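Chain naming follows the written order as A, B, C, D, E and F, and within any one chain the residues start at number 1.
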Amino acid sequence: MTNILLINPNTTKSITDLVLRTAKGFASKGTRLRALTGSFGPRYIASRASYAIASHAALDAYANDRGAKDVVVLACFGDPGLAALKEVSPVPVVGMADASILQACAIGNRFSIVTGGERWKSMLEEFVASHGLTSRLASVRTVAPTGADIARNPKAAMELLAKGCSACVREDGADVVILGGAGLAGLAAKLKPMVDAPLLDGVACAISMAEGLALQEPAKATHGALAKPGAVDSIKLSKGLSKLLQSP
Amino acid sequence: MTNILLINPNTTKSITDLVLRTAKGFASKGTRLRALTGSFGPRYIASRASYAIASHAALDAYANDRGAKDVVVLACFGDPGLAALKEVSPVPVVGMADASILQACAIGNRFSIVTGGERWKSMLEEFVASHGLTSRLASVRTVAPTGADIARNPKAAMELLAKGCSACVREDGADVVILGGAGLAGLAAKLKPMVDAPLLDGVACAISMAEGLALQEPAKATHGALAKPGAVDSIKLSKGLSKLLQSP
Amino acid sequence: MTNILLINPNTTKSITDLVLRTAKGFASKGTRLRALTGSFGPRYIASRASYAIASHAALDAYANDRGAKDVVVLACFGDPGLAALKEVSPVPVVGMADASILQACAIGNRFSIVTGGERWKSMLEEFVASHGLTSRLASVRTVAPTGADIARNPKAAMELLAKGCSACVREDGADVVILGGAGLAGLAAKLKPMVDAPLLDGVACAISMAEGLALQEPAKATHGALAKPGAVDSIKLSKGLSKLLQSP
Amino acid sequence: MTNILLINPNTTKSITDLVLRTAKGFASKGTRLRALTGSFGPRYIASRASYAIASHAALDAYANDRGAKDVVVLACFGDPGLAALKEVSPVPVVGMADASILQACAIGNRFSIVTGGERWKSMLEEFVASHGLTSRLASVRTVAPTGADIARNPKAAMELLAKGCSACVREDGADVVILGGAGLAGLAAKLKPMVDAPLLDGVACAISMAEGLALQEPAKATHGALAKPGAVDSIKLSKGLSKLLQSP
Amino acid sequence: MTNILLINPNTTKSITDLVLRTAKGFASKGTRLRALTGSFGPRYIASRASYAIASHAALDAYANDRGAKDVVVLACFGDPGLAALKEVSPVPVVGMADASILQACAIGNRFSIVTGGERWKSMLEEFVASHGLTSRLASVRTVAPTGADIARNPKAAMELLAKGCSACVREDGADVVILGGAGLAGLAAKLKPMVDAPLLDGVACAISMAEGLALQEPAKATHGALAKPGAVDSIKLSKGLSKLLQSP
Amino acid sequence: MTNILLINPNTTKSITDLVLRTAKGFASKGTRLRALTGSFGPRYIASRASYAIASHAALDAYANDRGAKDVVVLACFGDPGLAALKEVSPVPVVGMADASILQACAIGNRFSIVTGGERWKSMLEEFVASHGLTSRLASVRTVAPTGADIARNPKAAMELLAKGCSACVREDGADVVILGGAGLAGLAAKLKPMVDAPLLDGVACAISMAEGLALQEPAKATHGALAKPGAVDSIKLSKGLSKLLQSP
């Protein structure tokens, strides 16, 4: 039995529910899933400012959770708070963007990301660069329709997405394309016949990476960059987070 | 039900059996495993010359296999023939070194590899570099005892390994260490208490990456670097491989 | 007249005061300085977890400030929240670590950083890498004594610091050394005779970079990665930050 | 009181005068400026051949100067002779291109350069690469009108420049644009309303970087790459330069 | 007297003859040339699968040769088996692609490759990357006509090639262009007047690099990555190769 | 018949003679060699200041030469003026350091340089970096004895050199070592038995690279970074150089 804790660092419960539902579709039989939603901050994350707040919110949600967990999945494509969570958590923490990128690298030499939100293009390019993977990135394209667009005119939305994915393959040289973002969860399977290269689903990648890491039950680092940090006092934080900082 | 085909590109059946046995320990319930052994070439791979032959042998084994498979695992830490297999296979192909490195990157910023065979140090450094991941590599250390050493004096062998892994963490700055190579399969769990950072098992990484990719059933590329290549005639190859080249 | 707003993203007022005092010593005559302290979060920043919270606190402090400012200085060596502040602020935002690194690059080919707090070594190495400057980094050494150490035995503390700086030059190949962190502000001048290469003071670098940028009054980007982001609703944030997100 | 020595390494006195005049407009009150012109070599620098001669001329001008100086500014966008001057000078030496690039990096992730002279495109790309900053460079565009063009039809010239700067932002992804070259000094302020991102003036960047470094009075390196070199005899050089080489 | 052994790792004797003939045209007077053809494998190499087999075939040809040789030239543009041959051979081994790229680097900062076979574009890009030379690569263009095309309509074929080469210079920024592949051997001289930058012939580059290295008679490494590897048993290999692995 | 023009950019005729003599020993029968000495500047090049002057001197020597030449060799290990000469010369220009590094890359993955003059360590590291080859560099060691040392106690000098070369192989991981600098010309052959990896002689590399490029008679670029630059007036230069700048 593997317990996965999903943390959605934005404050929109319906997105948490959608990701949880999608995640269940990809999880193994022996996996139990729970999900938390950020208790403060922006409704969605589409800027560096939102991202900074969401990093705190993700950590806060983690710190106030008392449930069992064998692995944590940070369920926002862009992974705000990932390094902080890795530092304090005794169990592995998987970022949705990070897991997708790494699984894409297992398939081909160069990957592209298709997602929504214009500002994510530069944010994800910098994310990939800060992970040392720029030479593997073919492109980030933010051509995705919104959830509302998909609901209103599914066929047009799918065609738009397929066009974006195909451009990644034919113009940008991608060997594999990642559909990132909760709003696009589950679409990879439907888009397959319309695209010239393998498509990966961000939620699926995160779940299987989490299950894979949990299986090995890797020990917590007791030395180096990701060992538990020293204790520090704080003010005006939630009870759980304050306590986590004091005895990490 | 996921069918994994393991290909051991060297010609030592007992190593194939060991890897298969270890892999079964890490596989999910719904996974069926089969394994092939190279039909020609060196007994083990520990040089660039052996590696070149094993790339051919891996491809040959694949080409002559008629069994069902949803994903292929190249079961030699160093992945001879990986790019060739990815090109011709309609299902995903996972290299043991590649999968381990990518899962290690999901855990921490910098990883080390501990394996046996002095020549593998430079070969794996070049492997990592050719995958664009040099900035994530802390070190490769080839301090591993042989299978015979382990059998003769298990405690001394384990201490030697633990010392090598700890040096990766304390001297080289690794956040996570990979135990690579069939001979070390399964030891990560036992070494845990003796090392200051998470350890990953190469076989476990390959199996969970394979299951994760198979789950998504990614389509075969029909365009670009990993689409099926053009047909080509050949001479003096095995029947299966000759046919594969003619109608890939 | 240039108005500089200093933001100390931790919650220790005495550190804010120290940085402000030091900054005044380096500022031009025509410069007016004000300083804010984080209103929530850790007492100091020495971990990725603290850093994530401080990024939010820095943004929060900025959002709730109504005073005049021509340039903002993020007064924590490591720059939590820098990208978020650059995105929302109409005037330039200068990070103390970023400014120091760039001024060091103006002096020599390779720089080192000497600072306090063991965890900052990996955090600053990743900071430098994410700014694309790894090839210019000779080393980060966290050999600095604490403020208490300096007060107790100034001579021993200075010798310890000088030894660390000299090791950067003689062992790591640095052409120039940065003394980072508020606790070390002003010491560069005193350490000069004991070190074989130029030393830079983090506070001095930040102030002069801020004055230099303010002088040119560069326009706010209206396109691209650092233009104002789209509006987004939020919950349970401070009034100022909530408003900033709604009309950035 | 800070004494800045400007060195124009080409042999056109009117360019020296223009740069000096512009520099005075950006300098602090407590700054005194002097300027030297190359005593031999090409009238302007727009090729690798001219650049090689100008490196010598810059060093020669420095060697024959007896005036007080707290910092030296190499007043040619491209910085011929910068490394040589840093080596021999006891006070900091600031290159105009180098300072501009570093200040641009303080504003945004990726910068572009707009300058005149077709050959400078490759020369500046190589300059940026040799400083390890290629990942920060969005583009170099040599679309600038000549001084004569600007005089003849100022409006058309400004529109041409604005178009080039905008292309850097909208097509090349620059977060910030540098106007390099003496001929464009002072135009950044006027072009602001026509461009979607901050513009930096090369002369302003050099002056404020010089003042900032002079303020800290960094010591001369006595070890390593930029310490004074060993003495060497020479023939047929100017008296000042010959003497400098003999007792550096 | 320098003895060069050419190894064509594909199985088409007429290509071997063509390369040998061309090579003789570029060789010095004191050079004697012999050539081997792969004894098994694909007729030509234009995929990763063919490449893997050809690496083995190149090694096999070498292992079964008893003739005198002072240097080995791997006569396939893409160099399958190069690292393996370098490891086992006591004399230098020169790859045709490798030699061409390095000679191109001696001429200019950025080079392009024009060759035939669509799949080679990604294969050569990865080849250049794995040699750490991506920053020197302007482009790979696979616009080359086939040998049959050239025979049928030489003028059209030459125009097509010239157009491809010119695009490398004018669109991709190449300072120098390599004509790679046996089918294009000798055409560089004819295309000269139609192209704006120097052209290099792959065969000529390989021959002169081989002669240059042979001249110095560099010793075989006895330590490190390219020293002779340890002995290993094997099965079902040719007699020569089996023996080479057993006593390398 | 190939005419090679050697340019020694320092002003010591005896070094020119030594290089010329050594070069003749490595040249092919059909090669004619001439050599020029810098007419002004330092006696030898061992600092950035000397280097800047020597770049001018190399260009000046070239500009005033009226003899026939099919290729130019810049005969100083470090190549001052190389880019300038490539720009103006209609025939190929080969730098001694550049040629050596590229030939070393043809032999192994990672090379080291052993040379004299402490300052050359950082200068050559920067040289390699600016050529994009840092990932291929194992180390630069400046352990070489002077010519006087070699004359006084040849055996001790050879042992010192052998020790330095061996350290490159055993401690720094070099696959191949370059003996750079005129003073070490010809010693590689003698040191062979004492070193564990191939040694290359800088002069030999330059001569064979020059002969190889001359053989192909590559056309002068008429477009791009290395095409002839535009004309420019100048003052107080030698007649030949002034004329070259005016009609390049």
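We take it that a contact is a pair of C-beta atoms (placed from the backbone, for glycine too) under 8 Å apart; a residue touches a chain by one contact, two chains touch by 3 or more.
It should be emphasised that the depicted structure is a prediction, and the values quoted were computed from it without experimental measurement.
Under the contact definition, subunit C and subunit F share the contacting chains B, D.
Note on connectivity: the fewest steps through touching chains from subunit A to subunit E is 1. Hopping across touching chains, the smallest step count from subunit B to subunit D is 2.
Set against the Cα centre of subunit D, the chain with the most distant centre is B.
Among the remaining chains, C is positioned farthest from subunit E, on the basis of C-alpha centroids. With centres defined as mean CA coordinates, subunit C is found 29 Å away from subunit A. With centres defined as mean CA coordinates, subunit E is found 44 Å away from subunit D. Each of residues 86, 109, 122, 126, 129, 132, 135, 173, 224-225 in subunit A touches at least two other chains.
Applying the touch criterion to all chain pairs gives A-B, A-C, A-D, A-E, B-C, B-E, B-F, C-D, C-F, D-E, D-F, E-F.
Within the complex, the subunit B residues that touch subunit E are 11, 39-44, 46-53, 55-56, 58-59, 81, 83-84, 86-88, 119, 122-123, 126, 129-130, 132, 224-225, 229-230, 232-237, 241, 244-245, 248. The part of subunit C that touches subunit B in the complex is made up of residues 122, 126, 129, 134. Of all the residues in subunit D, the ones that touch subunit C in their complex are 26, 28-30, 86, 92, 94, 98-99, 102-103, 105-110, 131-133, 135-136, 169-170, 173-176, 188-189, 192-193, 195-201, 204-205, 208-209, 211-213, 215-227. Residue ranges on subunit C touching subunit F, taken from their complex, read 109, 135, 173.
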